[in-house]
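Before anything else, here's the structure in question.
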Amino acid sequence: MNENNPVVSIQGATKVFNEGGTDRVQAVKDVELEVYPGEFVTLIGPSGCGKSTLLRLIGDLITPTSGGVKVNGKHSKQARIDRDYGMVFQDATLYDWRTVNKNVQLPLEVMGYSHDDREKRAAKMLRLVQLEEFANHYPWQLSGGMQQRVAIARALAFEPAILLMDEPFGALDEMTRERMQLELLNIWGQTSTTVIFVTHSIPEAVFLSSRVVVMSARPGRIHAIIDIDLPRPRGFETREDPRFFERLTEVRECLRAGESGKSHVEGYK
Amino acid sequence: MTATETTFNFPHSILSAHRQRFRRLLPAIGLLLLGLLAWEAVVIIFRIEGFLLPKPSVIGATFQDQFLVVLPAGLFTMREAVGGFAIGSVLGIGIALATARWTLISEGVMPFAIAVNSTPIIALAPIMNNWFGITNPFSKMSIVALIVFFPIMINTVRGLRQVDPDALELLRSYATNERTVLLKLRIPNALPYLFSALKIGSTLSVIGAIVSEYFGGTREALGVYISQQAALFHFAEAWSAIMVACFMGITFYLLVLIVERLVMPWHFALRAAEE
Amino acid sequence: MSNMLQSNQNAMASGQMIVRRLRPVFAFLTIVIVLIAVWEGYKALGAATGNKVPFTGFELPIRSDDTSMPHVWDIFQALFRPARRGGEDVLLIILTKSALFTWREAALGFVVGSVIGFALGVAFVHSTLLEQGFMPYVVASQTVPLLAIAPMIVIWGSRLNWPTWGSVSIISAYLTFFPVTINTLRGLRSPDPTAVELMRSYAATKWEVLWKLRVPAALPYIVTALKVSATASVIGAIVGELPSGVAEGLGRALLTFMYYYVSGPEKLFASILFAALLGILFVSLIVQIERRVIPATRRLDE
């Protein structure tokens, strides 16, 4: 679908936790996946399917038991050292002792940007997520949705090649969630970042993605990859488009098939 | 901002915040006055002898009388307490920082520190008197230092280690080194833990200094004054000294509280919002 | 075959478990050994250089002679010699008796103090007026030096025909109640507002909310406080003994052996070790109770 070189290329990645112990878990098995520049790829699946593990493998926060992850042609560890990743978690994970502005500047401080540069970039990012008037507030003074926007601003502040998002809107209410999805697409459109996004919400996956990767559990595997060819820019009307519902159904049935497929491998370790 | 998203702001008017705080203090002030009156009344009505329970009015008069003896004694003891507190906290923080760097060492040291922390350290006072000299203030400082050292070290190690795993992962995704993790995450995270130990330590250090003076000390010391007067059943004098001791302990505590507010404004406001 | 493999793996896993469990014990022993080595090394250094810091003229901060720092071995040996010339009992027996005597005072003070501390916590959680009125004094009470109030309490106790050790228990209780009050209050307030609302929806009385929700939620907090209180009660008992003139107990032993320090410094060191042991054993007793009563996931500060 894309003639460019992949940004992320996962080759036969397998991750086993507690190898040799009685509590051995095969979280991810033989995963092959390529993600291309500017794509928005969502990982979806039942809990325990290893989608978060896969995201952490890409980000080199854990190392695969076998197989490998290449990012921009480099080993994932090198990519982390080159600061190619921006991470957003389910909890905003803002530091209590820093103001919103200082939270956004955290990666910039760590990466040795000059003071002026930091201020400029943080201001730009806060404008992007529409929080410039809250720059000097502390995180706990903001609502959950606003905190998550700060986390996104922080992740984008150093213009990473890839944005890794682990159920970032999972703790938000439905209304806020839909608005945040729209804002995320907006930001994504403006920054040309590649996004890899973990969720367990089918409508969220369909609404956001260019491709949805459906995973099945025990062991975590890729069950199917579904192209979402809905037109962009997407908006509130997208959710009412009949094609949106077609894709929803497709993903849902695929998830169910992955679920029932599990029964064949039950007892197999 | 959109109307559905609420924000929590600091109290608008500083004045109203002060008034609120004053209103909170009212029951305590009322109780103090009531308690003093009741105390005075009970002593008069039941004709309790002065050596059993002196009247507050007598203690007040004795305090005025003994002011020039009790105050310098208090300052002398306060110096021991503050000196010991400073030594103990610097060592406690230093060793916590040093051991937190190596998980293995801190895992080994912690059970030992917790065990020592559950011993009556004050029992070492006679040894310190022998080592450093009864009249040398350092013999008291060393006891105070030991008393505050362990809680401070234990709490700091806990604070340095009990960081949010997500916050740690975030920094790792920036490919940071351990030093940055320490500076940007572990140390700010440990500050509330540290200050709760410092607050406990502030009052403990005054008490520790006074009690260790019981095992011997110069006549200028408050602990020596208290134990001598109490042994002679001069309880009004002893109580004047107790008042000085309480005043010093509370003042020291409040000082640490002020420093805490200056160092961690975020934490203070956060707690206020949670209440 | 696969069964064997399984049991082998289990054995390996439990072996790892034992190693993990024993690691703190090893670390503990290592530290004790290192400390003994430092102690004896310091003495040897002092003996070699004539109490000077090596290569300088400065005196060592602590004299290294046997009076200031007896050999570890001598302290140990002193336990098995009569404490007084011509006395019957060896030091070990005397110190064990003293420790048990002090522990009785501490244990009574611990129980009384914990009950009072708990009651105050319950009262404060139900009445803001009580809390605002009394809390400052609960905090201030811990800045009062015990030594000063001990003689008074002993006199009051004697008027009420209490044994002196009972008065010492009161002093011990005075130190014990504070951590329990603070943590009880914190623990009683720890349940989610929704959990309280749930009880309300059952039309539960305040009493039921207290015993079915707040107290169970507060238990881990209370037990944590009890660990602090156990030490505090021992400190209270030892310090309370000092000015109150009880003839037995570790506080008395400390004073006695302090007076006769020059003739037998090991005895003072041995009594300090016993005071330390008493504190550690009392706290470990509470830890054992905590392990039985509080499930691992609900324990605090671990």
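Labels A, B and C are assigned to the chains in the order they are written; within every chain, residues are numbered from 1.
Definition applied: a residue touches a chain if its C-beta (ideal position, glycine included) is under 8 Å from a C-beta of that chain, and two chains touch if they have at least 3 such contacts.
Keep in mind that this is a model prediction, so the values were computed, not measured.
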Margin query: So, comparing C-alpha centroids, which chain is the farthest one from chain A?
Written below: C
Check: Of all chain pairs, which one counts the most C-beta contacts?
Finding: B-C
Item checked: Whole-Å gap separating chain A and chain C, where each centre is the average of the chain's CA atoms -> 50
Item checked: chain B and chain C, separation of their C-alpha mean positions in angstrom -> 19
Next item on the list: State, to the nearest whole Å, the distance from the C-alpha centre of chain A to the C-alpha centre of chain B.
Entry: 47
Margin query: Taking the touch rule as given, give the residues of chain C at its contact with chain B in the complex, in rising order.
Written below: 23-24, 26-28, 30-32, 61-63, 67-68, 129, 132-137, 140, 142-152, 155-156, 159, 227, 230-231, 234-235, 238-239, 242-243, 250, 254-255, 257-258, 261, 265, 268-269, 271-272, 275-280, 282-283, 301
Item checked: chain A-touching residues of chain B, taken from the complex the two chains share -> 1-2, 4-9, 164, 166-167, 169-176, 180, 184-185, 188, 191, 264, 266-267, 269-270, 273
Item checked: Complex contacts: residues of chain A adjacent to chain B -> 56, 59, 61, 80-83, 85-87, 89, 91, 93, 95-98, 106-107, 109-111, 130, 133-134, 137-138, 140-143, 145-146, 164, 175-176, 179
Next item on the list: Would you pull the chain B residues touching chain C in the complex into a rising list?
Entry: 24-28, 30-32, 51-53, 107-112, 115-120, 122-124, 126-127, 130-132, 158, 203, 206-207, 210-211, 214-215, 223, 226-227, 230-231, 233, 235, 238-239, 241-242, 245-246, 248-250, 253
